[in-house]
Amino acid sequence: MKKTIIVFSGDLDKAMASFIIANGAAAMGDEVTLFFTFWGLNILRKPEYMPGKKSFMEKMFGWMMPKGPEKLGISKMNFGGLGAILMKSIMKQKKVESLQNLMATATTLGVKLIACTMSMEVMGFRPEELIDGLEFAGVATYLGEADSANVNLFI
Amino acid sequence: MKKTIIVFSGDLDKAMASFIIANGAAAMGDEVTLFFTFWGLNILRKPEYMPGKKSFMEKMFGWMMPKGPEKLGISKMNFGGLGAILMKSIMKQKKVESLQNLMATATTLGVKLIACTMSMEVMGFRPEELIDGLEFAGVATYLGEADSANVNLFI
Amino acid sequence: MKKTIIVFSGDLDKAMASFIIANGAAAMGDEVTLFFTFWGLNILRKPEYMPGKKSFMEKMFGWMMPKGPEKLGISKMNFGGLGAILMKSIMKQKKVESLQNLMATATTLGVKLIACTMSMEVMGFRPEELIDGLEFAGVATYLGEADSANVNLFI
């Protein structure tokens, strides 16, 4: 049965939880759709900065927000990024897959990644600033996917 | 098919996500119930302050917490309210509906708004401090609604 | 019908919401599974500190993170623990059950509590540091439970 997750959060810990659930379900044969919105879009950003033709506010957004999985903070005890560094070092030591690896696995397993177009518009993110292999859609598409799923989470 | 959302968060960005999903589903013909609890009740407050017959603690709660959609902060990078102001200004510029408009649309579309009576009791909010058109109920009512829905989110 | 909740958050307010929903459903005859992961594991910790044979990082985690329901903060306006103390005092006054009582009731009602083994490994928590009566399992078990449930939340 299909599963969907709205990935609203852009925190490393919650992003990892999203992909661990998604990959687990996909590995068990489920169809899985992740719908990235608001801060969750930061997970999908490429690491390089692309100013392009942006308004002042869009540039500021682009500059202040984390560019991809390597730059995300954790939702608690982040201490200006130190917490995220510690967590990543512990996870590496414990042989837990990194977020980058989880994302690559998701792609291999056929997890569908949708970037919310309305949030992209608000934050001024263009498709070329985000990783390859995404679909672009709005809330109606999400609702269609959720309607045919038996587990729908908001993270 | 019915959808339910528990709106636990009182952050502007999460409140907007809740209403965007709710209105999208309602526009597609779904029955939708939003159940507001804990911080989520702040979304429903009227802007004026109503001390009334309250204990010291209830007055403090009433005074410290945001009074309605205009006063909510955002869940990340709020910087004492500056983030929320910036986000609202960007959304206005991008022609994204404000939370107030989303709430009005929800009412027009027949989205059911339930305020959690137990949370109201804890926070000392009386029905007249909250917007009109609400229902008042507890967790058993939520569970009844969720049982007949096919998408249930906690935001 | 079965209900599942992923308890990712270790905040007092969200922990209480999880158990209020779980106990409500269980009291109405539903089978309920709570799956504790990441910060949510802190809810299950015993109050005493057990260093044992731990790496430096695991000791630091064990020392910095809250040991059980008595020590949790709230997700907003915690002010270094003051917010949690105030909330507990208000709830006591309003005759709302404490988190400890809610947890005891959950056990009585037969709510299944599962601790995520991968998160335990990352945080360096051993089974004897957590309360009695837990099951230990991973994401595949969660997905199996969710597949046979009609309400699945992520808190």
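Of note:
As written, the chain order gives the labels A, B and C, with residue 1 at the start of each chain.
To be clear about the criterion, a contact is a pair of C-beta atoms (placed from the backbone, for glycine too) under 8 Å apart; a residue touches a chain by one contact, two chains touch by 3 or more.
Quantities reported herein were computed from a predicted structural model and do not represent experimental measurements.
If you draw each protein chain as a dot and join the dots that touch, every dot ends up joined to every other dot.
Between chain A and chain B, two chains of identical sequence, the interface residue sets overlap only in part, with shared numbers making up under half of the total.
Averaged Cα coordinates give chain A a centre that lies 25 Å from the centre of chain B.
Multi-chain contact residues of chain A (touching two or more other chains) are listed as 152-154.
Interface residues of chain A, counted against chain B in their complex, comprise 6, 8, 10, 37-39, 57, 61, 64-65, 118, 121-122, 139-140, 142-143, 146-147, 149, 152-154. Here chain B touches chain A in the complex through residues 1, 3, 13-14, 17, 20-21, 24-25, 28, 30, 75-77, 86-87, 89-91, 93-94, 96, 150-155, going by the rule given at the top.
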